[in-house]
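Letters A, B and C mark the chains as written, and numbering starts fresh at 1 in each.
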Amino acid sequence: MRRPLVALFTAAALLTATACSSSGGEKPAAGQPDNVNAGVIAIVDVAPIYLGKQQGFFSKRNINLTLTTAQGGAAIVPAVVSGQYQFGFSNSISLLLAAEKGLPLKVVCNGNNSTGKDGEDFAGLFVKADSPIKSPKDLVGKTVAANTLKNIVEVSVRASVKKDGGDPAGVKFAELPFPDQLPALQAGRVDAIFVVEPFQAAAVAAGAKKIASSYVDAGPNLTVAMYFTSQQLESSNPDLVKRFTEAMKESLAYADSHPDDVRAVLGTYTQISADVRAKLTLPKWPAEVDTASVQTLADLAQSYGLLTKPANLTDLLP
Amino acid sequence: MNRTVLGLLGLVTFGGLLEVAPRVGLVPAQYAPPSSRIAAALAEQARQPQFWAALGDTVQTWLTGLAIAVAAGLAVGVLLGAVPMLWSVTATTVEFLRPIPSVALIPLVVVLYGSTIRATVVLVVYAAFWQVLLQVLHGVADVDPVARDTARVYRLGRWARLRYLVWPSALPYVVTGVRLAASVALILAVTGSLIVGSPGLGKEIEVARQSGAAPAVYALVVVTGLLGVVANVATRAIERRVLAWHTAVRTEVGA
Amino acid sequence: MTFVRRIILAVALPITLLGLWWFASEGSTNYLWPPLSRILTAFGDTWTAERLRADVVPSLTRLAAGYGLAVIAGIALGVLIGGAPRVRAFTEPVLEFMRAIPPPVLVPIIMLVLGLGDTMKIVVIASGCVWPILLNTVEGVRGRDEVLDDTCRTYGIRGGLRVRHLVLRAASPQILTGARQALSIAIILMVISELFAAENGLGFTVMQFSRGFQIPEMWSGVFLLGLIGVALAAVYRLVEAWLLRWYHGQRLSRREW
């Protein structure tokens, strides 16, 4: 009877000891590469950073990059602010919201943009094939599924409705994760969905009808997401931030010009099947942040009540 | 019929039901694939090294968290039980902290540990600790009064009382606590990995979900379920071994 | 122990901890750890009667419905399974399998069948908290006194009467233990069920605060969850004391000598 107890306690002690000793984040010696932890989401948008790491753009600038996937901006932003991650990836509206609340963030470089081509974007507003809804203005009074409420999807879809002549405030949104949106649409539980790749490919394959490319309607060359760091890191180690930014710009340019490499690297960090990967519409990856498009987003967000005051882009953007 | 055979038969019947339901149309087959497709996806997963790494991470998180929770639960429970004044002081705090869902701790844990295994271990320990603690408290309080009086008559010291009096009567409760904690710990290990994004089966499930790969999602879910079955079998075996001498008392002890 | 003394003992530790928290966090500029004073102010501002009615009441209603469903289903199934050892051996692996599936994964599956409304959320809550009740009922039914069992058989007491007076009565301490655990789980699932396709609710509101980086409001919501948990636990203790008065009396009397 005593042996199991002793074994249990010993096991607990050993395991606790191992758990405690495996701590990370040690300061490298001078001349050693910097250990950098970047928080990303396992989606199509972040392919450039994976590609850049694969191509050695980071290691040649003395950056030992570790990519950690998280669930969303709401998880990445606190982790960057508290120093768990040195850099993070988040959508533009989340960053604007965070900046308004006074979080000490600084955007370092662009993330990904809309392709700018109506009907050929990497995201789309879909309805069922036999739906009576023919164009965005018919969405007034109806429910659209968005993966996060009060964020970029709401802003973009409302912009689509306004552009089509409808009242943007009349659209209702239901929060539903992307994977669950298409089943909900087909079962008639929501009237329209706004999805990104690879769910757009799935929607098309299921026969859904695209009625708008909302990211294009919101503004030209829309900056959907960006990479950012904490103001603390920027002031304490500006050289690291500069090197990371340069590596990212090189990665973005490479990804934008090598779509086949992008489709290949997608297979390493997602479970998207090979045939879906071949058919995806990829986002655009300009190396520079399009300040005008971020301003457009900020203005739209303010007009729909997501932001309470005009955004201070000079402080936030590089 | 032998108990193991019956159990296996149960699992097989369940698998059969899952094969039939999508084909018959009870659930949309596209999003809830039949067992045969799930099995194929599982074979596919087993070929990828990252699946085994994730499985190892989840098992490690689960066992580490469970061990810490049991050790802490035992220590705190025995302490609170032995010194009644401590319990009357801490009771309200315990009752307040207990219902706070581990999901509410997630922002805290992400800030402290990022998306590492340690973050998930903290969640696991927090949830499993209460299971063990409460059972230990029940056990310590349920000492047979006759035995307690006998010990006092024979002037057994505090340590001897703990060893010969408290421990045997608390043991069935402790074992039950470990069994409950084991299943809660597994659920939290996978759920934590899923929500926080720390390495493990949960993270793989979420990645598969975001990639629209439904059969892979279900394959990973099946693996999680099987881990639950394994956990149950293992803890039942330990229970039988440790409480073999206690079967007389077992019938009145809770599950 | 006098009433006053009991109250003092009960609140001493919480007040001390709160005091420590207050002073430790007072000068905090870290946005994730706002000063306790700000959280308390946010508590007053956020949880107005309006919001309580719009968010907390629907959440609690769903919680009650889900919990009730779990209790009925758990006890019914538990009595059936616990009464026959063959059935138990057959179903136990399957039940342990389903129990281990993490709720966030189960929700999309349930959504496929039940859609996005309140029914889905109630079923999600029930699906998680049925397990302690079910498993405890099975153990309780299994462990009933054999002498009483034989007595019933000798006197020809069968069917509903037997279930009520023998099976349920004997298993009730265990069932109530399970019901207590199920309560904690129900609160967790209430929050999780509102992370998907929700438009109101306590969990939903806390999540939206977290997404919008409104941190003091978020912490005030977590606080409220804790308070609700304490309140429900107190209510539970009253119900348990009433239902099990025969059991507590029996044990007390055994202890007297």
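We adopt the following convention: a contact is a pair of C-beta atoms (placed from the backbone, for glycine too) under 8 Å apart; a residue touches a chain by one contact, two chains touch by 3 or more.
The shown structure was predicted, so the numbers you read here are calculated from the model rather than taken from an experiment.
Looking at subunit A and subunit B, the chains in contact with each of them are C. Chains joined by the most contact pairs: B-C.
Taking the mean of the C-alpha atoms as each chain's centre, subunit A and subunit B sit 34 Å apart.
Each chain gets a centre from the mean of its Cα atoms; for subunit B and subunit C, those two points are 17 Å apart. Rounded to whole angstrom, the centroid-to-centroid distance between subunit A and subunit C, based on C-alpha atoms, equals 36 Å.
Counting only residues that touch two or more partner chains, subunit B has 28, 31, 107, 111, 195, 209. In subunit A, 78, 82, 177, 179, 183, 187 are the positions where the chain touches two or more neighbouring chains simultaneously.
Residues of subunit C found to touch two or more other chains are 32, 108, 112, 210.
Those residues of subunit A lying in contact with subunit B across their complex are 1, 4, 8-9, 11-13, 15-16, 18-19, 24, 37, 39, 41-43, 68-71, 75, 78-79, 82, 84-85, 177-179, 183, 186-187, 198-199, 202, 206, 269-273, 276. Contact residues of subunit C toward subunit B in the complex are 1, 6, 9-14, 17, 32, 86, 89-94, 96-105, 108-109, 112-113, 132, 135-136, 138-140, 143, 145, 173-174, 177-178, 181, 183-184, 187-188, 191-192, 206, 210, 218, 222, 225-230, 232-234, 254-255. For subunit C in complex with subunit A, the touching residues are 30-32, 108, 111-112, 115-116, 196-199, 208, 210-215. Residues 28, 30-31, 63-64, 67-68, 70-71, 107, 110-118, 121, 171, 195-197, 203, 206-214, 216, 238, 241-242, 245 of subunit B are the ones touching subunit A in the complex. Subunit B meets subunit C in the complex at residues 1, 3, 6-11, 13-14, 26-28, 31-32, 88-93, 95-104, 107, 111, 130-131, 145, 180, 183, 186-187, 190-191, 194-195, 202, 205, 209, 217, 221, 224-229, 231-233, 250-255.
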